[in-house]
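Written out below as structure tokens is the structure these notes cover.
By written order: A, B, C and D. Residues from 1 in each chain.
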Amino acid sequence: MCGVFGIYGHPEAANLTYLGLHALQHRGQESAGIATSDGKQLALHRGMGQVIDVFQPRQMERLTGTNAIGHVRYSTAGGSLLRNAQPIAVDYAHGQIAIAHNGNLTNSLLLREQLEKSGSIFQSGSDTEVIVHLLAVSGQRTTEDRLADALSKVEGAFSLVCLTETKMLAARDRYGIRPLCIGRLKSGDRQFVVASEPTVFSLIEAEFVRDVEPGEIVVLSDEGLRSITPAPPIASKRCVFEYIYFARPDSTLDGVNVYEARKNFGRALARENRVEADVVVAVPDSGVPATIGFAEESGIRYEVGLVRSHYIGRTFIEPQQSIRHFGVRLKLSPVPEVFRDKRVIVVDDSIVRGTTSRKIVKMIRDAGAKEVHLRISSPPTRWPCYYGIDTPTRDELIASSHSVEAINEFVTSDSLGYLSHESMIESVLASASPREPSNVSSEHRLPMLKDEQGRHPFCDACFSGNYPIQYKTPPRSRQMRLLDV
Amino acid sequence: MCGVFGIYGHPEAANLTYLGLHALQHRGQESAGIATSDGKQLALHRGMGQVIDVFQPRQMERLTGTNAIGHVRYSTAGGSLLRNAQPIAVDYAHGQIAIAHNGNLTNSLLLREQLEKSGSIFQSGSDTEVIVHLLAVSGQRTTEDRLADALSKVEGAFSLVCLTETKMLAARDRYGIRPLCIGRLKSGDRQFVVASEPTVFSLIEAEFVRDVEPGEIVVLSDEGLRSITPAPPIASKRCVFEYIYFARPDSTLDGVNVYEARKNFGRALARENRVEADVVVAVPDSGVPATIGFAEESGIRYEVGLVRSHYIGRTFIEPQQSIRHFGVRLKLSPVPEVFRDKRVIVVDDSIVRGTTSRKIVKMIRDAGAKEVHLRISSPPTRWPCYYGIDTPTRDELIASSHSVEAINEFVTSDSLGYLSHESMIESVLASASPREPSNVSSEHRLPMLKDEQGRHPFCDACFSGNYPIQYKTPPRSRQMRLLDV
Amino acid sequence: MCGVFGIYGHPEAANLTYLGLHALQHRGQESAGIATSDGKQLALHRGMGQVIDVFQPRQMERLTGTNAIGHVRYSTAGGSLLRNAQPIAVDYAHGQIAIAHNGNLTNSLLLREQLEKSGSIFQSGSDTEVIVHLLAVSGQRTTEDRLADALSKVEGAFSLVCLTETKMLAARDRYGIRPLCIGRLKSGDRQFVVASEPTVFSLIEAEFVRDVEPGEIVVLSDEGLRSITPAPPIASKRCVFEYIYFARPDSTLDGVNVYEARKNFGRALARENRVEADVVVAVPDSGVPATIGFAEESGIRYEVGLVRSHYIGRTFIEPQQSIRHFGVRLKLSPVPEVFRDKRVIVVDDSIVRGTTSRKIVKMIRDAGAKEVHLRISSPPTRWPCYYGIDTPTRDELIASSHSVEAINEFVTSDSLGYLSHESMIESVLASASPREPSNVSSEHRLPMLKDEQGRHPFCDACFSGNYPIQYKTPPRSRQMRLLDV
Amino acid sequence: MCGVFGIYGHPEAANLTYLGLHALQHRGQESAGIATSDGKQLALHRGMGQVIDVFQPRQMERLTGTNAIGHVRYSTAGGSLLRNAQPIAVDYAHGQIAIAHNGNLTNSLLLREQLEKSGSIFQSGSDTEVIVHLLAVSGQRTTEDRLADALSKVEGAFSLVCLTETKMLAARDRYGIRPLCIGRLKSGDRQFVVASEPTVFSLIEAEFVRDVEPGEIVVLSDEGLRSITPAPPIASKRCVFEYIYFARPDSTLDGVNVYEARKNFGRALARENRVEADVVVAVPDSGVPATIGFAEESGIRYEVGLVRSHYIGRTFIEPQQSIRHFGVRLKLSPVPEVFRDKRVIVVDDSIVRGTTSRKIVKMIRDAGAKEVHLRISSPPTRWPCYYGIDTPTRDELIASSHSVEAINEFVTSDSLGYLSHESMIESVLASASPREPSNVSSEHRLPMLKDEQGRHPFCDACFSGNYPIQYKTPPRSRQMRLLDV
């Protein structure tokens, strides 16, 4: 999971991008980068760590120009490498280009193999470099045509922003798996912003225009904003997990307000999994909106029973021996007065391995609870994500091999209830506001509705195993094996 | 404001102290330090910044021994200096001693002047160094008697821990202004922990024993825990602001659970300041418990309308020019769906200068609210604190010179309501649980009750101007003027 | 100017490379890098600064494998960029390859333009990336054939080392402009070392085998050392400036001991530019050997009149205002007792802009010298180097526009004498030892002798303007304009 | 060993001190510090490492004022602690004072014990803190009288500078063991500089005035320079080792030019230890002047046979296993052409443990020498220094337990010769220039001559064991045992 951001046409493009990346920091803390263009030349700075660590005044001063793109990258299992930080920026036959990308290509190894056969060299393991190579070998005349050409060859999920000396481009895959939206700065008519989530817009005094549509390429240039849809979108497959966990609650993605959706999850969860209790608490912070919905629906009192530490986020030098593995206790601590002698419902957004839930249940019981009922505001997570969320393998997902009863036993809760798949889908759809046509129109719009066949517009592969795009492994699988140490 | 911590008798004393300081990080982010004792010799490490920045594995390995004390220090107006970091550790006639101190002495400049006249030199501006000098010039035979002697000379607020080669001492001033409590590790009978707040106890698998009583000195040594009360306590003057803002909601200080007290503030606030509204939201995170109490009492729906960024806490390189002064927007962002066309009540714990409240009101209004009613879960803050909380001068406290109406106008809310002084006191007292006598007894216990004359047991000087201890300025006032740069 | 290094077949390849780069540190202090191979995979670490700053134990531990190459890079006018640090390491169709390169290609922009036209992308401004691309597009079957193919297309000066999963290759351009030599570790029969200068050999307990010959590619693999000469060398054009200034005095390059050559320069200089004087001093450290030769030949007493600070080498935060521009005084300070009332000869290796010489002359005169005679152990430097030495432009070279008399006036010396061009050439040739045929033979050997036409085997372009290879600018000149900030 | 520096009356006092400390960097690389005074207040910055690492522009800007003192500290066996960095700066009864100190007190533990008994606390292990305490308990009225009072109580070697809000003081112990001298800046009449060595004077455009005399206190204030000699000096005991090794060759200390003295050592050494040889080389850099004197006297050719790396000086991450212990080879490398088949004399300034000499002899022999004769330009070092030079214990000094023959055997040289004690003394005295009375007079001057009894004016304890001042251990010896980690 990553976050992308772009500013077009503002004299403080790099500074606004810095703020924007900060607001998207929840989408990735491993590395951050900004590329700017002053109309003639690109400048780039990338580094490991959070935005406030990577950028110092010295670098900000040198990131000149009115156009900028930025990226925050999530820490993935493959190890954290500066080499994989984004944006990537290169010289090629048509000048310079920088790209920042959120998502995962499913045929990148295959493309990589083909490109290498034709003489390409690879300096990173990132999918982004594959896209850059495809751009470079495209015979098309304009950057937008080259990008369309390149994107016609890749499969998978992507929301990306490109920067050349004079233009900015934003593109979203044909399923619209990862979010991407457009805003306009209040300070000027031709000043645009592109971001993974609109949460950043109020911070930089911009207003939401519309989402980039699945399959669309948006071109920002001297001539204003232009929309291309090289290939019509097939069927919307927006990632439903963005609404459950990943996106910020103050974001509205493809017309669905995340906070509302989460409250709806909680309401449905309360209806589907009734239990007598004295108090309902959230696993903060992502579980809070669902918990409030749960409390409203059930009439059970909402309390702040688990306090989250503000001072977590960077690497914690874990003490040795006997005090190891305190993990969740460093992040959460219980308010005993809330739990003492109470029947407690605790709401979380999902269960991955089960180990964290088990610790939370134990923590609440140790704090004096008589009963601990765990409620999950999504269905059991059974399948890994291939489209940009860093989930563990199937083996590690407890729900892929355990029944709800077995999970309940493992996490030692008195009862365990998940949200049903149907309620999850209906809850998101119920939160969708009618999306007014924007004055910045696109050729194709995919509605947030079920189609005539009753098919919903979401990718729910992590729950259902129904992957909209298959993963292609090349004949002889090979990844970037070069190590930066 | 600072936090102190101590571990006696555990093989991983430094590691537990590291965890403890991390849990007390909300009490100070400027500097952190740990001193350990291996029975023969003290070791010390201090540094600027948060606990996870100050301590690396290299230092932790060298902080050997079974006894340790630690300190986190709040950033004060005087500038952030390593010189002022704590613990202070020295050689003196009786060996070595380290001290960590939370609070403010009111006669430290006077004592300093007297000590300098007798030939003492000062290498920092901290009150702690004054206490160390008083210890050093005391003619008493044991460390505890020297500490008692030293503390008999100082006036003001303090909760402190001392470490010698073989003992640990914990002491609290005669009014009990700053909190301090004792726990016992579950891993061993003679393993004790001392901390500003008990929130840390569950983290390190310790159980709460009791609070250190006002005026008490607790001595931890080979012989176990021993209590001394050199001078009987006068009258309890626990800091009421700890319950309002400073302490963690999961802490129970002197028998009062902070979360409960805050909910009570909110309930009383709802009763005292009724207004029609569609939704009530908190200024996170400190305002949340009062807001939940407010919502319960008023029946108005509680929502998460302001989302707090997790990624703030360290110095943020503020962008220049047009995007300056985004302050509160970096920390908080609104969920427009919660506010749109709504009558909103927003609950905060206090108003200091009024500028932040003004920005929050504007943010909520910009997000679509029809009305914004501001409710404060404490009375107007009119006087600076002399006992260890870093408040601005009287001039800067808006309530010292403005009526509630004038403040309402300044912050641009539709209405403004504060909690009454009486309700604040009653709310805390109502949250006090009967404190069972501990098996680790103290000579004197000051109850959390009003006395026969109806006087409450709190320092409320920041609201009332009734300072329990006067500030003594020396004939010729002089502070440490030496600058570390 | 840069330094390259390689170890083949030693269990501590990275550690030996670390030592080797340290010994080559005089050839570049801007950045350093090491790539290792464990038989299956390459690992890489690069960073800005000196070797001891770039490599920490953490990195060294992860640079595993028995084969390694390394690079130190000189600070060039173009700015110091991590992006340009070497080695470069990539994935390509045939696996992985890393390259470290010393020298400058004269047709790199042309090649770059051609490669970009065919779809190549460039992520740095370095010539090395051009070579990697040429390797990648070569249709040849083996790494050595692909390297031969690539090198047949490049023009200019290069001494380079390549590393694949299983092989190491070392190559030198057909003129032999930059040095490169081979050694054998005493610890094992199939353990080889390749380095820009042999000075490192004694440090790592290796013995000198022979120089890599102009046009030769040396292949190190399981089968031992194999030599290829894809195209016969044309005419030796070894860089004469290596002997004058750049190489370490303890190195022997292509059979010529640098120390001996420098002493010969000094002897000839004394013969050619006689002057009465009391004492002769060197500009340390590069001028010392020539000064000793000068003193021996002239019979004038040698003294250490200028003391060099050991503590220079990293960026010095220059004080402001009145004490700016102390430049040379920070590096050198005079021994007044050597100069007082004396007629002084001071010997330096070259004059670039003349400003440093002027400061040195003033410093000696201020220290009490009656006369200051400046002697330069090389001819006037009139032309920039295109083959890897970072010289200023022609405009900045004082000798390109000033007569010796005018330079003498500018530097304020009482007299100024340069070494004649003929004596320079003869001095180097006189220092050449007969190069015994090595048991590790090469197909072609270019002797260090004048040919039948009396042409000497050196590149002397910086003195004569006779460039052996012309610089090719592409139809539309373009450099890497991407900025890392 | 340390270096001290002070500037009085210059608007860029801190910047000049930065330059001065850089020039004194050879006297200590462990830590550095500067304290400045702006007439009202002192400012201080200290840090671990070399001057260019410790001071960044941010700190330099905040070190305001026209008076400044600075210190560089040598790495001692006791470990490197920021706590022990100098200057020390404190508040005391009379305002503020900062002190920087070079030397070692012999009764500091005794004084410390006495001070602690009276109630003093110690925050470092440095002698400097003892002096500050003595100042603080002095009943005298002026700073200079308090300093005189304090210094009357200490025994041992010291050259120190003090800074108050308005004055600067410089003092030297009664034996004049450590050097200290005064200069005047050319930029203003009342602008003075004080430094351990005058080498810095030309760098900052100052001229030498005179040495501070043994037992003298020099007071710099608005009234200009004033000299006090509270107690008349007893007998000059200048450290002879400064001339042999420690001081820079461009310094003149107490009228003796270091370079001249070293050449005289070499001349005498050549006369006393004749041997047939082809070439004489120095161990750079400290051995070079003596070697030149040796070559002149013996007529044997001087060559640069050992090349010193410029890139040593900071901590070197030593590689593991087989390539450990390369120590001297990293620092020095041989020029084989100088040694091959030659009879070699190598001159060094001293032998401490013998291990380095042994490696150098082996290195020269490995480089092809037929014979290696080691000559040492001082007598055998048999006793540790108690007055500020960081020598090992007696046990580790090879000459304390081995005859010259045994040492010769240990270092594997063909012959070994030391300078005789008498020649050492005569060589220094012969280099003494008559010291003209300065216009900035002192009350007492100790000449650099033998007295009527033929006693020379040097401390030669490291050679003779004749310690001018006895080391006092307190009844119960105790050092600062507090560890900074």
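Rule of thumb we're sticking to: a contact is a pair of C-beta atoms (placed from the backbone, for glycine too) under 8 Å apart; a residue touches a chain by one contact, two chains touch by 3 or more.
Computed from a predicted model, the values in this text were never measured in an experiment.
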| item | value |
| --- | --- |
| Touch-network distance, subunit A to subunit C, counted in steps | 1 |
| Magnitude of the superposing rotation for subunit A and subunit D (Cα, nearest 5°) | 180 |
| Most widely separated chain from subunit C, with each centre as the mean of CA atoms | B |
| Cα-centroid distance, subunit B relative to subunit C, in whole angstrom | 62 |
| Length of the line joining the C-alpha centres of subunit C and subunit D, rounded to whole Å | 37 |
| Subunit B and subunit D: spacing of chain centres that average the CA atoms, whole Å | 50 |
| Shared-contact residues (touching 2 or more other chains) in subunit A | none |
| Pairwise touch network: line, ring, star, complete, or other | ring |
| Chain-chain contacts as defined at top | A-B, A-C, B-D, C-D |
| Subunit D-facing residues of subunit C, complex | 11-12, 15-16, 18-19, 22-23, 25-26, 29, 50-52, 55-57, 60, 187, 199, 202-204, 248-250, 252, 257, 259-260, 285, 288-289, 292, 296, 301-304, 307-317, 319-323, 326, 329-330, 333-338, 363, 366-367 |
| Contact set on subunit D toward subunit B in their complex | 40-45, 59, 62-63, 88-93, 96, 112, 116-123, 132-133, 136-137, 478, 480-485 |
